[in-house]
Amino acid sequence: MAEVERVKTGVIGLDSKIEGGFVRGSVNLITGKTGTGKTSFCCSFLYQGAKEGEPGLYITTEQRVEDIKNDIKAMFGWDFDKLEKKKLIKLVSIKPIFPNKDIEDINRLIRLYILNFLSQIEKNIKEIKAKRVVVDSVSIIEMFIKDEYISRVALSSLTEKLRELGVTSLLTGTIPEASESLSGGGIIEYIVDTVIKLDFVPVAEEYKRTLNVRKMRRTNHSTMIHPFTVTKEGMKIIEL
Amino acid sequence: MAEVERVKTGVIGLDSKIEGGFVRGSVNLITGKTGTGKTSFCCSFLYQGAKEGEPGLYITTEQRVEDIKNDIKAMFGWDFDKLEKKKLIKLVSIKPIFPNKDIEDINRLIRLYILNFLSQIEKNIKEIKAKRVVVDSVSIIEMFIKDEYISRVALSSLTEKLRELGVTSLLTGTIPEASESLSGGGIIEYIVDTVIKLDFVPVAEEYKRTLNVRKMRRTNHSTMIHPFTVTKEGMKIIEL
Amino acid sequence: MAEVERVKTGVIGLDSKIEGGFVRGSVNLITGKTGTGKTSFCCSFLYQGAKEGEPGLYITTEQRVEDIKNDIKAMFGWDFDKLEKKKLIKLVSIKPIFPNKDIEDINRLIRLYILNFLSQIEKNIKEIKAKRVVVDSVSIIEMFIKDEYISRVALSSLTEKLRELGVTSLLTGTIPEASESLSGGGIIEYIVDTVIKLDFVPVAEEYKRTLNVRKMRRTNHSTMIHPFTVTKEGMKIIEL
Amino acid sequence: MAEVERVKTGVIGLDSKIEGGFVRGSVNLITGKTGTGKTSFCCSFLYQGAKEGEPGLYITTEQRVEDIKNDIKAMFGWDFDKLEKKKLIKLVSIKPIFPNKDIEDINRLIRLYILNFLSQIEKNIKEIKAKRVVVDSVSIIEMFIKDEYISRVALSSLTEKLRELGVTSLLTGTIPEASESLSGGGIIEYIVDTVIKLDFVPVAEEYKRTLNVRKMRRTNHSTMIHPFTVTKEGMKIIEL
Amino acid sequence: MAEVERVKTGVIGLDSKIEGGFVRGSVNLITGKTGTGKTSFCCSFLYQGAKEGEPGLYITTEQRVEDIKNDIKAMFGWDFDKLEKKKLIKLVSIKPIFPNKDIEDINRLIRLYILNFLSQIEKNIKEIKAKRVVVDSVSIIEMFIKDEYISRVALSSLTEKLRELGVTSLLTGTIPEASESLSGGGIIEYIVDTVIKLDFVPVAEEYKRTLNVRKMRRTNHSTMIHPFTVTKEGMKIIEL
Amino acid sequence: MAEVERVKTGVIGLDSKIEGGFVRGSVNLITGKTGTGKTSFCCSFLYQGAKEGEPGLYITTEQRVEDIKNDIKAMFGWDFDKLEKKKLIKLVSIKPIFPNKDIEDINRLIRLYILNFLSQIEKNIKEIKAKRVVVDSVSIIEMFIKDEYISRVALSSLTEKLRELGVTSLLTGTIPEASESLSGGGIIEYIVDTVIKLDFVPVAEEYKRTLNVRKMRRTNHSTMIHPFTVTKEGMKIIEL
């Protein structure tokens, strides 16, 4: 049987549930409703890399770089500024903008939008020789492209590019509050190697956080719904 | 670990559930169906500021300034007129208007609409040197902009502006009666630091009021569903 | 604490649940599915006014004036014809019409439609010096205006006008049979002071009528689901 | 209290649940999913009239006149051919047709369609001096007119015309199989005096037929869910 | 009471539940999700006719003629090739095609499509002097015509034609997997004489097949949910 | 009774539930949500063929050929590279592309798209004299074609082509996460011979994998919901 190289997730207790970690070079979706811990997961992943000397790139389309650093410092005490100076972490904000309506052809506009997005990712990966990449989140692409087929093509070109560049990557998706879906657009889950779903489950008068590996290629993964907690050491699976 | 400065919420019993209050400079969403107490929450927040000498600005797109003052006086006995004279409170009404159809390009119309809205907020913040701001509500923006992507960009420009100005702000959202969502448009919850959901829960033949902190960045917050009551002293969490 | 002047509802047993009645000058929504008793509520409200010498105006967009008078006479024995002669009641029918397609601009068409509606209300209020007004129902406006934002602006101009004129008013809304919403358009509930929901609740092989005060500004109102009955004396809350 | 003249429904056991029958001159909706007995109800109503010497008109947009006569003969043994010769019954088929696309203005097309429909009804009513009228069904009008507001205006003009002509009328509506609504378009129920809902309720391995008076103006009606059966003597409420 | 001539269904045990069979000359809908046995029902109906010397026509818009013959042979051992040579059965495939976009007027296109469909049915009926006809399925017509009103008119012209030609016919409808409706378009059920619904009901870890007569004109039919099985002798109702 | 030739599925324990395997020459749909094992099923099917000396073609529109080979090697230890050299397996990737907007007529564009897709399939089948074919997945076609009727025609032309070429084929469909349907478009299930649904069923805190044969022509198939597991020997039905 083939050897599959694994990359530690950085989430305490998760690696043992998925044969040792993410498959090296794979594209993995971390999805969940707002406030379920997607950003914490992604930062744990990059911090794990930094500890092992693997440079990591964080692309955010949602927040300001300063805010993420401050959040992480407040929650876990991790100093991303210091890691950035050591070239072990790089955070980049790619903000969505009002589309330029001078370009009339919507398909051409989308192509330019995606190409620009991919070239920024590629440039930054090469700059720090990143081995790990986070794209937080892909939902902005899903909002920008209304057509299901075009969205499929565009998201595929993103996953292809990440695979080509040989990095192990996390994409975050957002599940609308009232939905049972796996992403806003319902497409990205088909073209990634892994789907990990974070959730908020009401138990009596309280909400509990849970993690479920919905799919993972090349991996005989846990199919349990794992409760987890966010500790000062990072996200941590609660063993039952 | 980093120090996080906290701002008292003004809701009795809430601060102890969220590490002392809102994060200074954060943007926080108070959301719920009609009649669940969003305006009471916001007024408690500004009144708390006034007591501490922090000027507060109330932007309403929903009601008349006089009506809010009268509601608050009737419910809590707080005299916002007096506080307004002391420059500790300012209430401003920004009413939605019929769009000017002379401007044909819908994207340009939206940009003007948002820019005008932001500049009014900024002008008023500077005028009273506000430290606390309420925008009640953002749902009118969600209604005005039909496109999900454009709505995302516009709401982001609002939260960015509030962060830039250094104020601690509350936005109110409205949840349609028959919905399980967190806002009318399903977007604002992703770009704020905090989501507090107020609800009406049927228990036997009665409706009980509840408050749940759905997410809060940099904060190890309660995930309980807290019953609350509206007393003459303000909103108050009922300890179980 | 501020004094709030109250206006008796005319529904037997309701005033004690809402601190004495509607707030003088407020705009109140009575909503429910077809056949739940909205018209009975409104007529009770106007009849109460007439008994106290307060002239009341009934605007109907749904029924013929004669039919309402006959319904009321058959159900409660109240003679609205006699009250109309005493200038204590006036019933006016404003029927929806096929839109004039000569006016191309849909926004202008809507503005004219609303202005015409408001001016008819104002003229009639002034004519009988009405203190109480019923608009039965606002759902026709919701049907006429498809755009959510424009609908919000138009319904606001109606509530503003009623507040300006100093009358205490009831608007009726209609809840589609298969819906859990509070109105057909999902907007009017946000811009009124009060939402009272009438319902039909299946209990075993029978339907029971219930009334619930969903929100009421300036008022520490009951949050119970009250069963009610329609008696020869008018609508009546059943005490449990 | 006012006297309300009643018209016997022809359904065995129903009159005693609704103060003696339909209000003379009223417009009444009989609604239900396919196969729940709407046509049987309508034929019972006209047969009752014929027995009392009141001529009745049956407008069908759904079936062939011959098929209705044969159905009625097979189910109840009633000879509508004979009654038609005595001018006590008249059945008329108004079949929907492909719209004439030479008329470009959709509003004008609808006006012509409705006017033509109403003038056929009026002509036939006058011809046999009908006192009772059945329009089976109004769902074809709901399908023809997509706009909710225009549909409301058109259906109102139908109910107004029937009231003007002084007849007591039944309209049938159709409830889509998977729906909890009261009609296909969700509008007609608001502008009629009565809504009677026929249903198919699964009880263990069988479906039971039920009848519920959902609303009835001027009438203190039963709110029970009544099981009924179709016997050789006509539809019959089962007393519990 | 009128005599109603009956046509045996060919489904073992069904005739006794519906007063002897289908009404001669009626149009009957056999509907259900994919794989529930609609084709088996239709073939049983035609095979029964062939045994009685009544020629039967099978119009398929779904499958190849050869495949149906092979399916039937494998399931029941019935040799439709032999019956076709005896002119007792004829199978005809009318495949849907890409619409010809040279005809711009969509209404005209639909009229031609339907006219062509009807003339093929009529020609084939006359050729073998068919007494029984199956149209499997009408869902392709529902897909082709998007407008609900036009769909209603088109499907009516099909049922009218079949009634004119005096044949007893079965139409098959398809219920989408996730739906509680009676057909894809929600229209055909209103214009047929009979609706028989086939279903797949989960019972513990297994799916059971069931048959329910949802409506049947001129017939005091069973309203039970009957389990059935597919045996080598044909479809068979399981007596409870 | 006719002899039906069977083709072994390659899934351990499945053949005995479906009279020996798929019908030779049939078109079979394997459908399920993301991560339920569709690709594993398809690879087991081709591997079974290879073991019996039947060449198999794998068309993927979802993944890279290298990734599928690696997945299979990691999960089952099967060496598809070696089988490809022996001409017993061929994997071909047909990636979706941005549509060429120079072709204005959408119907013509679709025809070209489908024709190109079919000709690639045919060419590859002939090249290795394939007896078994996998098309993974058809959902990209469903996304590309918005019109239900055109989608029906296009998917039919695919199944017709596969039947003409005499191969036994598997198509994979994708069920959206929040859906109870059998495919994204709701059409393909009607035009295939078999529907096998793979699912993820929550049992307490875990998800179990299940397989259900939803329909299978010419076959008296199991209607049980079978749990299955993915072992190093391939997919395997768990006997209860």
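Note that the chains take the letters A, B, C, D, E and F in the order they are written out, and that residue 1 is the start of every chain.
Methods note: a contact is a pair of C-beta atoms (placed from the backbone, for glycine too) under 8 Å apart; a residue touches a chain by one contact, two chains touch by 3 or more.
Here the structure is a predicted model, which means the values were calculated and not measured.
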item	value
Interface composition of copies subunit D and subunit E: same or different, split at half	different
Most distant chain from subunit F, judged by the mean position of its C-alpha atoms	C
Whole-Å gap between the CA centroids of subunit A and subunit B	30
Where subunit A and subunit C are represented by their mean Cα positions, the distance between them in whole Å	52
Sites on subunit D at which at least two other chains make contact	none
Category of the chain touch graph - line, ring, star, complete, other	ring
Subunit C contact footprint on subunit B (complex, rising order)	34-35, 62, 64, 67, 70-71, 73-75, 77, 95-99, 101, 139-140, 143-144, 174, 176-178, 200, 202, 205-209, 230, 232
Residues on subunit D engaged by subunit C in the complex (per definition of touch)	1-2, 4, 105, 107, 111, 148-150, 152-153, 156, 160, 163, 179-182, 186, 189-191, 193, 195, 212, 214-220, 223-225, 240
